[in-house]
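In the two complexes below, chain A is the common chain; its partner is chain B in one and chain C in the other.
Right after this comes the complex of A and B.
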């Protein structure tokens, strides 16, 4: 076990743990935000730089500070390492710069975007973003395109975190989706809009930290804060069958996987609870699901706005 | 006596003293009262003769809402739902729809409000919807919501909320913030 201090909190972790995971073991405010790292997808991380932290002392043996801010999702802890996240002004300033860069080409789309209310970039922008832009050039723009007949890609909003590419790589058997071109011109592509025909392709929507990939069956139907998230389950031969139904009255507007407080899909029965496209896109009939109860939502989230009654409503009675 | 200490000094002891003969007559008091009433006849009126005469509204008066169009006549509202979530009276409901090709001259954004309703009986005219709107679409105006015998008539749909192209509603007096930046 190695000892590491993050924002004055000491913790012992397994050797080889990254700083970000060590911080997540502590939890709370010391956890740096992560836009590209996804613990359930090996190989992710190191792209977005929002998780930068300051390493004030490298290790017990060599306590010199690291000169640059380090990406906590891909830096391993050393015994006696001292990390500063919240307590470091350099980190806050650096992260503000990263957010500014992420927003350079990002449209001012939140009122239209289906991700609004559950968007990591919105949260980051709220915490670090300036109210004004300093960018004077034209923004890079693309037309929205369809990925298959159920997923919409708004390339304008993509932050090139590569999470969706890893989903395509790791969950689906044949990859027809990737990143084309480089740098400013990089774009997510399905190789000339090749439809992705795979039972688990819908999970791209869940891993996308922004509103670049959205559910076409839910497109513009409502805003997440008007819906009531319910834990639901069904017998499914392809996936765990455990999902969240976003309900309005007795109607299911959309189905997503169950996500934890870092926006990552929760484990179900020891495996990551990805859900299949049938559950996500086809089962909009409440009779096909058994409702377990309202999903716990952080009370600071806009999603818990205006839910005065028990989110079970009357639907529970009718279904039983 | 062991009474409790009073928490304020506003307590007054009620005196119950016997009235004098003059007070018992009541007449001087009545005449004094009439004199005050008489003096008011020569004062300036504080009231106006509504409805012939109406008072001037403050520029920020909060009356019936308007859904604005932009300079090109396109509807500003993008059905983002922020007004509805800000509304403390839950008076606003909406249904969004996607703009199709050929409707670019009708709606400013890719998404628009297909239905938009405000229940004027629920509304408390607080103006929070106006404050929440990121698209400068909804404003409260100096128009008064007319009374009616039917409750249903108070649910205002887009027909009564969206401004008419040939009858634009001026909200410049209440809006000099220039919220919409050029991005």
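Right after this comes the complex of A and C.
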């Protein structure tokens, strides 16, 4: 076990753990935000640079500070390492810069974006973004395209985290989409108008940190915070069959995998609980699912605002 | 003229053939290394020589070699980085065009020292004719028993291949080079693990610049200590400089490190001063990614001492008043040149060449390019100049690979030393479209 101190909190972790995972073991607000790292997809991380932290002491043996800010998702802890995240001004400044970069070409279309309410970039912008943009140039725009019959790609919103590329590499039998071009012209697209058709391709929607990949069976149906997330399960031959049904009354509006507080798909029966496209896109009939009960949602999330009581009940209370 | 170690006999006709090269003493180092030395002794000689990587970073080569992991049963690779794409740098091309066997000789000795049985020369796609020259030379080396199985009866096998890239600047970064060689998109990898532990196909790998590998030849021939006597302090040996810009005699020169910058620019054996009787305005001593310096800071340091052609002297004063030796792309500007336009050109290059993997570089380089474009074309504001400086700070050091720094430094330095000129572009918008700053009534060039 190695000892590491993150924002004055000490913890012992397995050797080889990354700083980000060590911080997640502590929990709370010492955890750096991560837009591209996804613990369930090996190989992700290092790209978005939002998880930058300051390493004030490298290790017990070599206590020199690291000169640059380090990507906490891909830097392993050493015994006696001292890490500063929220206590470091340099980190806050650097992260602010990264958020500004991520937002300069990102459209301000949250009011019509299906990801609003569960968008990592919204949270990040709220915490670290500036009130105004300093970007006076024309934004980079693309037309939304269909990549497969159930998935819509809004390249305008994409932050090029490469998570969906890793999903296609690791969950599906062949990848037909990837990153084309380079620099600021880099874009996600399919191989010459290929359609993504694979039983597990829908998981790309779940891992997308922004509204770039959306579920065509749910687009524009409802804001997520008007829906009730319910833990549901079914007998499925392809996947674990454990999912979340987002309901309005007795209707299922959409189905997603079960995600933890970092927006990552939870483990089910010892394996990552990815769900198949049949469960996600086809089973919108509540009779096909057995409902386990309401899903616990962080009370700070906008999604928890209107669930377990009727909106009318709430407003009446306030008036009284 | 000074001593030539790398470009020796470059004026002899037919030096690109095996026959002539061998007759003039070529491949001696292979005989010496394979017959009389152990791999460890070669690494030791290179460490003694104080040779530093010639690609730009100046990391000690012997130390890099000693870091190479040597697990049992795993092949090791030596890659030669011939993806010379830094604007202003063309020394490797000259060396490979003129004396391809020098590089091959260095590759054989270095591969033997590192225990590699398969080595690659990764060459940029635009150098197709150089690739043909190299392949011809390699075929000659195979035919004469210097490559292939059991070289010179020593029992050592080596295969050498040339692999062309697609012409991307980013593939000159060592991990992007490895990705590209593996047949993937040339995105730099996250470090650690470093290539010395996990490189090409997950095996320990060393990536060295063309000039570095060629410099191993004189080190083995004359001994590391002899090589270390040339030069000054920690900058040992000779260095190829690609001089370009408004010089009377631009070109590739081999210098002994430690000569003064003034001598190099104005000396009769060297560049012979500024062309057309003009005055020098600025100089970039190490390729487009190092900070630009105004004329008074390039020949003398801020303390008033002579600036020398060494790693240390050129970086004297840090980034405030110094620069870097970098890859030796020595670009000189005369008084007629527009620094804003030049900075914009560099920014355009880096925005075009960013791989787009990490956000500060992808978005930041494009943003800087757009702001500089506006400034150059008379559309800028005063706050844009400060904005540029801030974007710089937010890119620098926060990216996966050094391309972000390379894009940020020249812009930061141009604003630091030539802020007046940027401001003049804002205050004299229309005038700045008709003439260059510093010129009274001459037409804009380009």
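Just so we're on the same page, the second predicted complex is superposed on the first by the 308 of 320 C-alpha atoms of A that agree within 3 Å, B and C clash if a C-alpha of one lies under 4 Å from a C-alpha of the other, contacts with A are read in each partner's own complex, and residues count from 1 in each chain.
Rule of thumb we're sticking to: contacts are C-beta pairs under 8 Å (C-beta built on N, C-alpha and C of every residue); 3 or more make two chains touch, one makes a residue touch a chain.
Treat the numbers as computed from the prediction; the structure is a model and nothing was measured.
Visitor: For the three-chain model obtained by superposing on chain A, do chain B and chain C clash or fit?
Guide: They fit side by side.
Visitor: Kindly classify A:256 by the partners it touches after superposition: chain B alone (first), chain C alone (second), both, or neither?
Guide: neither
Visitor: If we overlay the two complexes on their shared chain A, which of chain B and chain C does A:120 touch? Say first, second, both or neither.
Guide: neither
Visitor: Who does A:181 touch here: chain B (first), chain C (second), both, or neither?
Guide: second
Visitor: Which partner does A:100 reach: the first (chain B), the second (chain C), both, or neither?
Guide: After superposing on A, A:100 lies in contact with chain C but is clear of chain B.
Visitor: When the shared chain A is used to line up the two structures, what angle, as a multiple of 10 degrees, is there at the CA centre of chain A toward chain B and chain C?
Guide: In the superposed model, the angle at chain A is 120 degrees.
Visitor: Just checking: does A:302 make contact with chain B only, chain C only, both, or neither of them? Give me first, second, both or neither.
Guide: In the superposition, A:302 contacts chain B only.
Visitor: Look at A:17 in the shared chain and tell me whether it touches chain B only, chain C only, both, or neither; answer first, second, both or neither.
Guide: neither
Visitor: Based on the superposed arrangement, let me know which partner A:219 touches: chain B (first), chain C (second), both, or neither?
Guide: It touches chain B, and chain C stays clear.
Visitor: Have a look at where A:74 lands relative to chain B and chain C in the superposition and call it first, second, both or neither.
Guide: So A:74 only meets chain C here.
Visitor: When the two structures are laid over each other on chain A, which of chain B and chain C touches more residues of chain A?
Guide: C
Visitor: What is the contact status of A:203 with respect to chain B (first) and chain C (second): first, second, both, or neither?
Guide: The answer is neither, since A:203 touches no partner chain.
Visitor: Give, as a whole number of angstrom, the minimum Cα separation of chain B and chain C in the superposed three-chain arrangement.
Guide: In the combined three-chain model, chain B comes within 16 Å of chain C at the C-alpha level.
Visitor: In their shared complex, at which residues does chain C touch chain A?
Guide: Result: residues 168, 170, 185, 190, 192, 351-360, 362-367, 370-371, 387, 393-395, 397-400 of chain C touch chain A.
Visitor: Chain C touches which residues of chain A in the complex?
Guide: Chain A residues touching chain C: 45-50, 52, 67-69, 71, 74, 76, 94, 97-98, 100-102, 104-105, 134-135, 137, 159-160, 162, 178-179, 181-186.
Visitor: In their shared complex, at which residues does chain B touch chain A?
Guide: 78-82, 84-85, 90, 96-98, 109-111, 134-135, 181, 183
Visitor: For the complex, which residues does chain A have touching chain B?
Guide: Per the touch definition, chain A meets chain B at residues 108, 110-112, 116, 132-133, 219-223, 225-226, 302, 305-306.
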